[in-house]
């Protein structure tokens, strides 16, 4: 199983991503899509990243997931740059013979993406002000839960998000 | 939040289902799609159900999920009747402001669907024989995990699948 | 009192019909007793209900345990463990 | 030895550039010491690094703790806690 990892400015279509995962005849496909929320007068989200590192970080997270669960397919698509409310930011899809494996792998990847990939979000509002999104402590807590659940392939590094 | 529940013979398109969940501006959409696997010479899957009960069972599972997690949307589509390898059997999608809520609600619904909704699968093979799918003990075990995690809204009934 | 019975999956196949209306004697007060009474009706029934551990029940469209009193039930469904999703 | 520095998010904005090449003195042996040394260079740096608890580091494109020795590192990135996904 070779994970599909894409980092891109362009909008993407989760349909196409899911369709590829479904074609593998694994039987169970779980996916997560994160979108830009338009609340509080938000007009744009800017996603900055560390180009030399980002793809490697995503590959590592994908490899960790593949080491923990029996996967037939794993896809991560993450956008960078400027995006509008309602647009998709990130897609994680996992295929497996077992629904639990597909769902847990997807959940693991999105949790680790939040804490272990070099992305930073800046929000721009209608009144002209903008602000960098603060890391949420809950993300580090959520990420740590995975070290209790399965040992195999756990990297055990300190979370990069949170306080 | 009014769950969308559909029971149908016709094939369905998870794209359309996800699109509706994404439109809610909740930010996080998790989905699960179960498909007919074509392995072992399987040529068709027949899904029998208990028409007078099925929709009510799905509504109850959806209401339980909505009572446990903060959801902006919840969709269950389940097919009945005869279907071919590669076709989708079931779709569960959940939208929330919080990725954990969306993912856990989706996971809960598919686990409970496996044990608490009156569906029975029969597999037909290329050599002409057919067999009813046996309930897996693991499904009952998986379903029971949810009673440990959150108390709110737990029905606590005995699993209908498993031994 | 008359009860509408519904059979699903291999129980339906073993019995050879998807349902029937029956009027069991007064000493049939639970689903388990109903199953025993039905089993005496012939081979198909006996085959269908040979292993009570593999039978699940819904009384008036609510899942129930085998020992639950029928207590005036109008519709009783008998089926194997569910395998949907 | 020359080190390529990279700044991201509000650290980049506070300092006013997205990176530079520096040649810190020999007594700068860890990321934390590098941050202290940079902070003495002016207001933008001092602002960016005022709270070391909010700084994360990657050394040669590997995430690292602030106390990790630089030990011949070629590229050091300084950034706030990540907020992707």
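A, B, C and D are the chain letters, set down in written order, and residue numbers restart from 1 in every chain.
Simple rule for what comes next: a contact is a pair of C-beta atoms (placed from the backbone, for glycine too) under 8 Å apart; a residue touches a chain by one contact, two chains touch by 3 or more.
This is a predicted model, so every value here is computed, not measured.
The chains other than subunit B, linked only through touching, come apart as A, D | C. Set against the Cα centre of subunit C, the chain with the most distant centre is D. Distance between chain centres (mean CA atoms), subunit C to subunit D: 72 Å.
The distance from the centre of subunit B to the centre of subunit C, with each centre set as the mean of the Cα atoms, comes to 26 Å.
Note on chain placement: the centre of subunit B and the centre of subunit D lie 49 Å apart, centres being C-alpha means.
Listed for subunit C are residues 85, each touching two or more other chains.
Shown for subunit A are the residues in touch with two or more other chains, namely 34, 99, 110.
This structure has the following touching chain pairs: A-B, A-D, B-C.
Against subunit A, the residues of subunit D that register as touching in their complex are 6, 8-10, 12, 53-54, 56, 58, 61, 63, 65, 75, 77, 79-85. Those residues of subunit B that touch subunit A in the shared complex are 14-15, 18, 22-23, 25-39, 85-86, 88, 97, 99-100, 102-103, 106-107, 110, 142.
Per the touch definition, subunit B reaches subunit C in the complex via residues 34, 47-50, 52-53, 56, 78, 89-90, 110, 113-122, 132-135, 157-158, 160-163.
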